[in-house]
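Note that subunit A is present in both complexes that follow, paired respectively with subunit B and with subunit C.
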Partner chain A sequence: MSGIVDVEGLSLRYGSVRALDGVNFTLRQGITGVLGPNGAGKTTLLRCLSTVLVPDSGRMDILGFDPDSLTDRVEIRRRVGYMPQEPGFYASFSCFDFLDYVAILKEHVDPDDRHREVRRVIEEVGLEEKAKTKIRKVSGGMRRRLALAQALIGSPRLLLLDEPTAGLDPEQRFRFRELVSELSEDRVVLLSTHQTEDVAAVCDRVLVMAGGKISFDGPPRDLAQLAAGKVWLSNEKPSAAQVFWRTADGAFRGVGQAPPGSMPIEPTIEDGYLLLVGAAALAEEAA
Partner chain B sequence: MTWHLEAEAVARYDAGFNDRVTSASIEAHLERCADCRRLIACEDDWLDQRWEALAKEVYKPSVSGTEHLLGRIGIPGHFARLVAVTPSLKPAWLIALTVALAFAGLASQVSSGDFDLFLAIAPLVPVTGVALAYGRRGDPAHEILMSSPLDPLRVLFLRVAAVTITASGIAATVEVIVGGRSEFGLWLLPSLALVVFTLALGTRISLWSASLIAVAAWVTFIAVESSRLQVSTAGVLSGRTQAWFVAVAALAGTMLLRRADHYRRGRL
Partner chain C sequence: MTVTVSRPDTFSSTPRGWEVAVQLAKVEGRRILLHPASLFTLVLAVGAMWVMHHGEAPVLNRAGATTVVPLLVFAAGVLIASADASARLWTTEQSEALDIAPASARVRTAGLVLAAAAPVIVGLLLQVVTLGVLLLADPVTTLDVWDFLAGATVIALAVAIGVAVGRWIPSRFTGPMTLIFLIAVVSYLGSYGMRSRFGDVVTWFAPFDALDWEPSEIVFRPTGPHFIYLIGLVGVFVGLALLRGTGRRWGLGACLVVSAAVVAAGVAGQLSAYEAFDEQSVLAEHMPPLADDVCRVRGSVEYCALAGYEDWIDEWAEIVEDVLDVAPESVAVVPLAVRQYPTRLMDQGQSFTLEYGPGLAIGAWWNRAAGGLTQADAYPFGIALGAASWAVGIPFERIPGRWVWEVDEAGNRISSEFVTGIEGVPKDEIEYAPYCSTLNQGRAMVALWMAAQVDQRTGEYLSNRLERTQAPLVEDFVDSDGSTFPVFQGMLEWMDNGQYYPWYLVLYWMHEAYYAHELLDRPAADVEALIAQNWETLTDPSTTTAEVVQLLGVDPVPGLSEWMAAHQDTFYEPCA
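== the complex of A and B ==
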């Protein structure tokens, strides 16, 4: 393996819970989505890659550096932009002031260079109008942009985005996807999500996680093809289906072993994902 | 759009020969017409510089009272901002100050040799209090800090310095007002001296190594002085000895500031 990120046998436990269980993958250019229900291990994986968490076992090579080494860990942090799932802000700070503080944490010491860098990331995420506004007064969508802006300080080669579209309305999600797509032109992006639409919209590769393991690794269309011949519509509740739900026009959409005589329909990424992850994912989608 | 600029009008505009009304008319047209804008000579460097200067004026960080004050005594802006964040996180700030003052009050009451071990580890109490107060729950941006190249330990020590200096000031003020003689504010000085010493040394070697040296120096000092003076740890840490910690803190603080222009990456 010789990708931008190589991960081998990564494991981590929280007490009796196995959050990561022998995770292996290699990351190359483009946008890779990590899809999975809550508790699948997505956030833990991103925290390990951002060096916030130290795994119990396994090996990581991030941009050619070994996070087990103290000096390499600093080099990784200089080259990785991390947007946590629930980024906390200093509510009494303006967006500019908060980014200025993060820029200092990222070793931008010279004030002119630092302020130029802050202006650059503000422009990159389209936060100009709110730059001087106190964080407590900006909307959830703008806070997400602010969280992304702090991750972009220093032009990191690798961007780790944890649930970047969570809590956004459809228009904000669309704009965010557009932004992430633009950012991926000269960066490697790994984004975790439990929204199959995000993966379908921007990712050229998807890792599906469940129970701390990777259960699928491939392009989104291959994930959809896992459900080929296993998705059908019926007028009655399909008892044979692994998961099913009622669609807007009143028919039941079943995913699983299709009963004899049913007419298979074109599967989506969501169908493939549901087939892999099962009812837990469906419950989460409904929530 | 019914008309475009002719070559002669462009040349006169470029040379600044038009009257104000004609220039205003041309500029109104240029705002809407990208084709004509391309005909106008533009000095990109000049424009970039002007735009940069404008952006610097419009988008610049606000400077808090604490940062202003720190700047007045020669502390660099980035350093001052890191320190100034400490009191801005009010719940954590109040908890850390309370722990520091409570510790100082307790330590000033201890004069028996039975508490030697407590006093030997005393400088760690304010550090632990700050670490707990500004942990995951106290600092909303904790995860961002933990993923940053700047050593989180350095930020912790800066916060300890901010808390112990403030707590010492409060304690000294209270003593002056009530006329007490317990000198309990002085009991924060070992912690302050060791933290500033570690930060100063940490500009030359790794902060972890500097921390180990500081702890070793402290333990050695306690052992040697109590043996030499034939007194308990409490005796070593009497009010008179505390003056040495003021000197160490002042010297290390001066060293730290003198290194301000030489901060290496990651060694702010």
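== the complex of A and C ==
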């Protein structure tokens, strides 16, 4: 393997729970989406890649550095932008001050350059009007943008985004897709999400995780094709199908074994995902 | 949303850790200063600076009260702010994104420690402004540089402690709890029990000995070793803060050892300085005649100040001359000595005044309001009353044979002869020193007026003292059960002692003070003329207060029966 990120046999346990179980993949330039139900290991994977967690076993090569080495780990951190699933903020800081603070911790020592960089990322995420507002006074959506902005400081070559669109309204999600697609022109973006639409919209590759393992690795269209011939519409309520629901026009749309009299339709990435992770995962997510 | 495409690789060159720490320090320093605890205590410190110096003679070398005590208040707020900043950086709820930022834990802690520069600079500015104001007012004595530096060091120490405790116990409660603990420790070190067991030196193991407010030329203070001690403590706490990090620690360990050695050197310096200190020798150096004393003669009065205090002579002379202007020429030309003594010496008893002869004695603590704890007007009034009493002939010194100490089984007691003369004096004061009573002497009334008429301060002081004595004033006595005892006869409440020492031996009473105050309502020239015309009679020791009241035409206070009749409605509680 000779990607920008190479991962081999990555494993990590939380007590008796196997969060990662021999994960292998390679990342190259572009946007890679990570899909999976809760507890599949998505966040753990991103935390390992960002050097927050040290895996129990396996090997990682991130941007040419070995995270097992203390020196290399610092080099990785200098080149990685990480947006955690639950970013912690200093509520008494203004948005600008917080980003300025993060920029200092990211070793931006020239005040003029640093402030310019902070203004740039604020502009990129569209937070100009809230720059001087205390974080405690901004909405949840604004905070997600702020979390993204801090990850963008320093134009990192590897962006690790954990649930970046959670809590965003449709317009904000559209803007986010636009931004991420721009960012991916010259860097690697790993995007963990539950939103299959986001993956379909911006990712050129998708990893599907379940039980700490990667169960699918390929382009989104291939994920969708997993469900080819297994997605259908029926006027009758099916008796056996993995997943089905009533559509707005009264028909039943299902994924799985097609019932008699049903009409096959073109599968989406969501269909492929559902077929892959199974109804149990869906039920867990719905809960 | 506008998307900017240009994204340079900003990590092409790696900055050094100290550069990051400096930038972090700028941000954290500003935030520490703007922390509500810092702002609140800074306002308190400024207020304390003003209160401590407002309306009193400026003294440079009294750093304990000049600048450091208010800065201790500021340091307390800074400690809380620093602990908050440190806890914020290390609390477990913080973002993982900040956790993995490349700045190391040690660099972050170093940045917090360097942030001390901001509050230290503010503290120094406050000190400089205060000293500047003092310098404009012609202060006496010279500045103790070690004390000055201790003020800034105390703030640095507060930051170091705050960062260290916040680093090890990251919680919002860490700062306040640490402050409470430190206050308890400082209070314990300054307690009587600790002082009596280990000596005064224990107070210097606190950040600052705030209890010692006296000028350092007289009262011993190991300010140099104490400064070294503080510097060492700063190093120790910085080391403790940095200890909780990653990477090699041998260099840090060496720094901790060096800091601990500096602390030990400071402790040893303080202890050895105290061991070598001989208070009696130091006091003896200040006993008059002292070659270093500065004496100036103005008119018939010689004023002698301790070295460094000579600028106060003009203030003393101005008051004394205003008093003597009222007296006849024959009195004003009689030589009078006004001499300054170490305050500590004056507190030790009356022996030195007997040894060195009569004269007006002024302490080194002259005109010191001490943060409003004492009334600064007492000092000019004390000098004025001393000069006035001397002018009317009230004796300066204890008259041999008049009061006799008797030793009985109960310990030292004064003779029954003396007790009879000053029946209103509390017993504990009787045991402290013998007194000369001016009860029913008309010249005391004249002296009190001469002192009170000098200026607004002396007049207001007499008024305040009369107001503070709440008892009604009556002229006669009442019989009860066949015995006779004085009713509501009280002496004039004690003026702050130590500033007019010979006159501490003289009692002034309410009646004379009341009549003197009544005279203040009249034109001073009229009273002055009356006094000049009747000087011999007024200053005769046998002339009673009632005779002077009649002579000067003052309305006498009512008799008891008259007073009770006037207050009948409120005086009696009807029987049910």
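By our rule, the second predicted complex is superposed on the first by the 278 of 287 C-alpha atoms of A that agree within 3 Å, B and C clash if a C-alpha of one lies under 4 Å from a C-alpha of the other, contacts with A are read in each partner's own complex, and residues count from 1 in each chain.
The working rule: a residue touches a chain if its C-beta (ideal position, glycine included) is under 8 Å from a C-beta of that chain, and two chains touch if they have at least 3 such contacts.
The model shown is predicted, which means the values in this text are computed figures rather than measured ones.
A.B. asks: Just from the overlay, do subunit B and subunit C fit on subunit A, or is there a clash?
C.D. replies: Clash - subunit B and subunit C, as placed by superposing on subunit A, overlap.
A.B. asks: Touch check for A:R175: first (subunit B), second (subunit C), both, or neither?
C.D. replies: Second partner only, subunit C.
A.B. asks: What is the contact status of A:E117 with respect to subunit B (first) and subunit C (second): first, second, both, or neither?
C.D. replies: In the superposition, A:E117 touches subunit C alone.
A.B. asks: After superposition on the shared chain, which partner residues are touched by A:A131: those of subunit B (first), subunit C (second), both, or neither?
C.D. replies: After superposing on A, A:A131 lies in contact with subunit B but is clear of subunit C.
A.B. asks: Return first, second, both or neither, reflecting whether A:Y82 touches subunit B, subunit C, both chains, or no partner chain.
C.D. replies: both
A.B. asks: Answer with first, second, both or neither: which of subunit B and subunit C does A:F96 touch in the superposed model?
C.D. replies: A:F96 sits against subunit B, while subunit C stays out of touch.
A.B. asks: Is A:D186 in contact with subunit B, with subunit C, with both, or with neither (first, second, both, neither)?
C.D. replies: The second partner, subunit C, only.
A.B. asks: Looking at the overlay, what does A:S155 touch: subunit B (first), subunit C (second), both, or neither?
C.D. replies: Only subunit C; A:S155 stays clear of subunit B.
A.B. asks: Subunit A residues touched by both subunit B and subunit C?
C.D. replies: After superposing on chain A, subunit A residues 47, 50-52, 70, 74, 77-78, 80, 82, 84, 87-90, 97, 100-102, 104-109, 111, 114, 150 contact both subunit B and subunit C.
A.B. asks: With touch defined as at the start, can you tell me which subunit C residues reach subunit A in the complex?
C.D. replies: For this pair, the touching residues of subunit C are 1-5, 7-11, 14-15, 19-20, 22-24, 26-27, 88, 93-104, 108, 111, 246-247.
A.B. asks: Which subunit A residues qualify as touching subunit B in the complex?
C.D. replies: 47, 50-52, 70, 74, 77-78, 80, 82, 84, 87-94, 96-98, 100-102, 104-109, 111-112, 114-116, 118-119, 122, 128, 131-132, 150
A.B. asks: Help me check something: in the complex, which residues belonging to subunit A touch subunit C?
C.D. replies: Going through subunit A, the ones touching subunit C are 47, 50-52, 70, 74, 77-80, 82-84, 87-90, 97, 100-102, 104-109, 111, 113-114, 117, 120, 123-126, 147, 150-151, 154-155, 157, 175, 178-179, 182, 185-186.
A.B. asks: Which of the residues in subunit B come into contact with subunit A in the complex?
C.D. replies: My answer: residues 52, 55-56, 59-62, 76-78, 81-82, 85, 88-89, 139-151, 155, 206, 208, 263, 265-266, 268.
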